[in-house]
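For reference, chains read A, B, C, D, E and F in written order, and residue numbers begin at 1 within each chain.
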């Protein structure tokens, strides 16, 4: 029942829960090829039961306060999402991730949603460091991170075996003080 | 990060999660006597760890899709809440409940929040019957049920032992078709 | 090895345990249509493994002191049973239930067995309220409740979806003091 | 609610369950020294919670069909018990055990109860071998085994450390065919 | 990565772990008939998943310090193994067991490995009694026990149902002081 | 019972298990200040029960094949250790770690032990990437990584809160092909 408006185009951010299994599956079916280019997100979800399992895994992470899944709805259709992973309020660390079906790209949906997630993490939950991990070849993902003010920490060489190749994983991060400074600057730029 | 505005007075409905433990405890401390008159809600929560346990229990129910806890915030202060219990999408049944600290009564907060919960249950989750259970002596609670369109199903005699007395439990319900009809009527009355 | 004689016709009440799986399955096969008219009791038990699962579920309830299953044997044949459900010694509440195959009806077997269960619950376990729940259409079941001295508490409207229809559930109860008074009266009537 | 009469002296065998915790504790308090001479039976049960834990352990064994605890009541007082241990219907093996408080010795209570347990194990559950294990010094226990028709299989040397000494453990057994033959003989002797 | 040389023929004792599943399966395939003559060791391991399950069971015992599995490698090939079972450091008891594929018999591999296991149990872990259990018909196994200095404690009559027959189980043991004395004697005999 | 000699000085690598709790505690007591300078290794281990818990955690990781703990013994005294963490044979990734008490430093013990661990991981378990993570200030640790042929992947800025400060974490790695090349080179250099 919760929803956060992401702007005038009707895009919304909402909790993505196990009862969305059919909707989630339909969305994956539309974008599977594209979504799975770099990460097998939701790849086990090839039927409703599988979709529910994927969503349940995140529901359990949410109950443990170590992660959560949030869907992006555009004109009432689930088109992608953003997520917390390895959320650890005690150490002040968390990771964020995202995915989109092709029809939803190019609108800044992830960027808009991420601002809300990171604001929440930094301002409400005491997170000091937000991490962004992506395959070195995933230029789209890394561009979003850059746009959001993340800094490149390094490359975990060949850490990620996928489709027969070991890929480098870029690790980027933004610290709470950097996030706040960027926002202050952004606010200033609004004038 | 999610919040639903309940009206012009700034009242908001938000998920109530384990990380709210301190805020939840402070709220209980303000209203414990009043809240516990009929039901020992949150009575184990006498320190932060106990408050976190209560909230965790509901977080686990949420992960299992059998319940959830939602706080009522008034001017940024947690003053009460509403909840789903015995939520069973498969059988189309659920129970709702609520609590308030004294300072938040008399404003219709619960009524406003319940409309959102029941709308969600009926329209999004396929719930066919929403149940309201209260001690026979809890006139405030039963009045809210009546106002929301619930019907009295009966009295489970002496089913609830509390503070040395076995209390009758009133069972009220609203069916999905009744809820929708009432809303249509309400919409009509708006003109 | 335990057994309680229910009268001169050789009827006996005994614990019904997972090792009775084959006997339980044979009994269900004889009465499935009839037994499942109002409640899908043991409906998963379509082979020995399924029968054992049903019985194991009750064995686990017994270990947790929240329920137990008791078979009715007539001339050495399992013909039905009675059970405790939602048994909660701390709150003094429990529910009772029963089932029979057609050939065993009309002999008062359930009534005789229930007297023993309720006596045990009230006199040995401190139960203050025994609840009886049945579909509104299940006249046989409600008649037994009435005969045993239960009072009608109300009707949980359309609470029970079964075979495509939402059925009303009648809730009846007998309180410990009512049970004892009825027994005293019964004893008096013996003279 | 189940009970098996053990004879004209009013002795009874009944399931011994977690809700008997207080009665079990009182019994242990009367006989602890004596009971624990050879085996620390119920030695953790020094308060009601501890007594309930011991009984719960056996309730869990019963649910798993690997053991069960049965109390001996004399004139309405719990005075000892008998038990199944390492019950394995699949392999046809089980072990039996017993304990008494001093005031209940010398009446053949254990012998009478064991006949019922072993009959059940052999005739109803397909047990082919019943084992009796006792400290070599526990003459009373070994005498009961002998009287019941058990045969000495051997001595597990120093297998049991207790109170600072490693004790030999006698292992006795009775096979199903021996048990049945002894009963036939006993029946014959009745004439 | 750990290995203990068992002598000049290149035989080695190593931990046998779940990741050896394929190697373990190949070994069982070579010796299944022979290995399973008296005990169904690894009989569920008919594919790699089954083999991994058997090994995982022992890995879990090792984590609980109640057992462990050790492979015998001859010229780089897994040909059998030895194991701890019912290991209980607190009571000072444990059981040992072994198996070989036919090609590895007649070399004293088990005897050599057992010396290392029992030395470890007695000298490092405080085991006071090591037990050896074998079918009465398993002369090879009992001969190894005798050679290692075990004494016959008795026979658990018909305790072991296997392939349609109930077999007697011989129970042998060696006590820590006997083990040490035998070693001293052995050392003396070396001169 | 397993041990790997690390050289002529009698240093040995052995599995470090829960039964070593007392020895592990004594070792930590000698080196706690030093060991905990950068990582709170074993900091919960302030009594034997706590030490056993730490060791049990690793024993459970070992059973799950996701980690393992190995002690370094010098002249029969436990002086430190090396470990696998986040071991994932399927993805071909693992992490290694180490600790020493002060008296054991300066002898290359960790370097020697790591060679054995990494050889095992790369040659026997199919690990393709071994990761080394250390606080940026932990020059000793980073020097060992460098000496072993690890390459610096980057710095996870302020990822590690410890003793009131958020420390940078250096991430280094060696790939299987690099490890093998270095060894070949090392072998060549021996001539």
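Following the convention adopted for this analysis, contacts are C-beta pairs under 8 Å (C-beta built on N, C-alpha and C of every residue); 3 or more make two chains touch, one makes a residue touch a chain.
Keep in mind the model is a prediction, meaning the values are calculated, not measured.
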Where chain E and chain F overlap in contact partners, by chain label: none
Shortest chain-hopping distance from chain B out to chain D: 2
Co-neighbours of chain E and chain D - touch as defined: none
Chain located farthest away, centre of chain B as origin (C-alpha): E
Inter-chain centre distance, chain A versus chain E - centres from mean C-alpha coordinates, in Å: 53
Centre-of-Cα separation between chain D and chain A, whole angstrom: 62
Set of chain F residues in contact with two or more other chains: none
Chain contact graph, described as a line, ring, star, complete graph or other shape: ring
For the chain A and chain B complex, residues of the former touching the latter: 1-4, 14-15, 17-19, 56, 59-60, 62-63, 65, 89, 116-117, 119-120, 124-125
Touching residues (chain side chain E, partner chain D) in the complex: 91-93, 128-129, 131, 151-161, 166, 171, 173, 175
